[in-house]
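Both of the next two complexes hold chain A, though its partner changes from chain B to chain C.
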Partner chain A sequence: MTAGDWLSLAQGALTTVTLSIVAIAIGLPLGLALALVRWRGVRLASPCIAILVSLLRASPGVTLGLLIFFALPTIGISIGAIPAAIATLTLITGAFNCEIWRGALVDFPRDQLEAAQSVGMTAGMRLRLIVLPQILRSAMPALVNEMTLLVKASPAVAVLGVVDITRAAVRIGANTYEPLPPFSAALVIYSLVVFLFVLAQRLVERGQRRAAAA
Partner chain B sequence: MIAQFGIVWDHRDLLIDGFLTTLWLSALSAVASIALGTVLAMALMSRRPLVARASGVLVDAMRCVPFLLFAYIVYYGLPSLGLRFSNWSSGLFALILYNTAYMAELVRGAWRGLPGEMIEAGHAFGFHGLGLVRRIILPPVIFAAIPMIGNQLIQIIKDSAFLTIIAVEELTHAATVIQATYFLPFASFITALLLYWVLCLCVEQLVRLVGARAELRR
Partner chain C sequence: MSRLITTRREILRTVGMTAIATAAAGLSRGARAATLDEIKQRGYMIVATEDDFRPFEFVKDGVPTGFDTELLKLLRKTVPFEIRQEIIPWTGLLQGVDTGKYDVAITAALITKERQQFLDYCSPISDATIYYVKRANDKSITGIKDLSGKTVGVQAGSAMLAALPQLEAMLAPTGGKLGKVTQYVSYPEAYQDLAIGRTDFVTNTVINLNLLIKEKPGVFELGQPVAAKTYIAWPVKKGNTSVLALLNGFLAAERKNGEMYKLQKEWFGQSFEDMPESFTAT
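Then we have the complex of A and B:
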């Protein structure tokens, strides 16, 4: 592999990481919002979200990506490959995050809410000061696990023509007729990315423990 | 819009073929990866440190790779080892190998949670070696792992869609063919997604039934 090949792998890595981070940054609050609507049992919206989340959780990234990329223009919304890739990954991770947040909300002890209500906290205050800090901690391991799953699902955007790590490796292999070196390099890069997420989780957990001890 | 779904309906044989290929690929790789994963889990739990370490590294490495990259490695890598397979068989091969690592990890997780008394009681009754594993350890371990295995089955179905990229004629591939011929992106891909959904809901229900059945037998 030449220096240029390494450069294109690095660019692919940058694309994979950027797409994943943007999808996570939108998908986390999106999942929380959906989970809160379900938790509150809002009429009509709650069952609709339940169905949508179930469907999205069964959707392969490749198929969903193709749907978004090709079907949106037919209803007059033109969408490029990169926004379509972000939308695909965001919807997928948002659906899984919704289930994780909801699990944490369902397990949240009711007596704490009643106690907060009895000292006159409004619904917004209860959510912000009592519920969120605690479910953030209990949901964290599952959320980070979902982030690593998202990184592993991200090569689906290759069908839209986005050049991520996998696609960059395939191109190099096709040019050099030696597919195994770029694939091995790609494998190492993915392992590093996944490892970084796990490392970040450990750091956050350590910080939380320290904050709880102080 | 209705007319679009009408055209998709006219070409249902394509979608049915694709659906059956997805079903068949997923079912074969589910059965094979559960069986191989159980064997690999025995290696992971081996008392020989070298065996346990080596299989642990293999499983961890596999769990860091996206399935598409692994499928490419199998698809392009096997011919350079002198092995030639059709797209269908290299896709199946990739699904099996990849999920064997995940299944092994799930079985190991359940195995770790097994109370030590059970194994000691097995020893007391004269079970040892493979007999102990097969008769005493594996039944409760597999039972405990059923919900996790169910999740992984859904992951297999979703991962099989990646195989469209190496031209395996599964469900997403069939939808792409219809969309490319008649330009019906919405109707064809929505139909495919609904079929995936139905398949996953069936798997969930099946796993629930098997779990309830195993609970009864206990």
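Then we have the complex of A and C:
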């Protein structure tokens, strides 16, 4: 592989990481909001979200991406490749995050809520001061796991013309007829990215433990 | 290791196309492509090219290159508006043309009957006729009639396999018969078996075979066509006659001034000066 090939892979890595981080940054609160609506059992909205989330969880990234990018223009909504890629990844990770948050909410001990209510806390206060800090901790491992899965699902958006790590490797392989070096390099880069996510999780958890001990 | 173009790709293309065509067929009927006037009015044309289809279009060191890329450069010089290029994988490309997202696909698309139902093709840019290749030192094969009874190597599930009945029909008048057919997962294996004598000839498109002969000079020798002529051309959305006319005008001019044939020689190792102005698959 030439220096130009390595540069292409590095640019692909930048794209993969940027897209993933943006999707996670939007998908985390989006998932939480959806989970809260479902947890509260809001009439009409709750079953609609349940169906939407099930559909999104069942939808392969490539299919969803093609739908957003190529099918939306037919109903008059035209969207660029990068926004379409972000929308695809955000919807997918948002749906999975919703289920993770919801799991943590469902497991949340009811007696704590009743205790908070008995000292006169409003619903907003209960959520902000009692529920969120605790479910954030209990959901963290599953959320980080979903982030690493998202990074690995991200090559799906290459179908929209976004050049991520995998697409960069495909291009190099198609050019040299030697697929082994670029794909090996791509695998190493993915491992590094996933390692960084796990490392960040450990640091956050350590911080949480310290805070809890203090 | 050398992996040559078109064949396995062609299968993937077909599978991908079918899936997406089915998925989006209902929706895309409502979409329409921009006419030439609309393109002029908005000031730019959107073209889609592929990124891994050597020698037509591929990306080297992050820079698009290849036969179609060179033609695109010439096209930019002749049109009075800007050309915006979107480089995307094959999977959604034709569907993007069909939904009007791209005005034309500056890509190597085989002209097929099924694609003609929703696309109009410009003048061909390359021959894609299936030829046979034999060992250079095999004196027993000098023409089509000598292929009777010989073992043929071909890729499983490929367009070349599907075209073998045409060869059978060509052999019939001289009392010849199609020999044993050996199917391979990919063409490099078929070429290896041909080189060591396990098969007597292999069929593939003329561009593939020219590349093979260029890479392994002295080992293989190109034979003759074993199927009806087929061509590769740029597709636009069906019925988009104004854009089609503009592109055909450009392509005709490039044929006339010889640039087209020069580029073909450079990228395919052969020029196709007898290409028809338009071609319809039947």
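Rule of thumb we're sticking to: the second predicted complex is superposed on the first by the 214 of 214 C-alpha atoms of A that agree within 3 Å, B and C clash if a C-alpha of one lies under 4 Å from a C-alpha of the other, contacts with A are read in each partner's own complex, and residues count from 1 in each chain.
We adopt the following convention: contacts are C-beta pairs under 8 Å (C-beta built on N, C-alpha and C of every residue); 3 or more make two chains touch, one makes a residue touch a chain.
What you see is a predicted model; the values in this text were computed from it and never measured.
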Could you tell me if A:A81 is touching chain B, chain C, both of them or neither one (first, second, both, neither)? second
Is A:T2 contacted by the first partner chain B, the second partner chain C, both or neither? second
Between chain B (first) and chain C (second), which does A:F70 come into contact with in this model arrangement: first, second, both, or neither? both
What is the contact status of A:R171 with respect to chain B (first) and chain C (second): first, second, both, or neither? second
Quick one: is A:Q11 in contact with chain B, with chain C, with both, or with neither? Answer first, second, both or neither. second
Is A:A200 contacted by the first partner chain B, the second partner chain C, both or neither? neither
By the touch definition at the top of the document, which applies to A:S59: first (chain B), second (chain C), both, or neither? first
Thinking of the overlay built on chain A, is A:G161 touched by chain B (first), by chain C (second), by both, or by neither? second
Chain A contact set shared between chain B and chain C covers 62-63, 66-67, 70-71, 74-75, 158-159, 170, 173
In their shared complex, chain A is touched by residues of chain C numbered 1-3, 20, 23-24, 27-28, 30-31, 51-54, 58-62, 86-89, 91-92, 95-96, 99-101
Which residues of chain A touch chain B in their complex? 54-55, 57-64, 66-67, 70-71, 74-75, 151-156, 158-159, 165-166, 169-170, 173, 179-180, 183, 186-187, 190-191, 194-195
Chain B residues within the chain A interface of the complex: 61, 64-69, 72-73, 76-77, 80, 154, 157-162, 164-165, 171-172, 175-176, 179, 185-186, 189-190, 192-194, 196-197, 199-201
How about chain A: which of its residues touch chain C in the complex? 2, 4-5, 7-8, 11, 62-63, 66-67, 69-71, 73-75, 78, 81, 158-161, 163, 167, 170-171, 173-175, 177-178
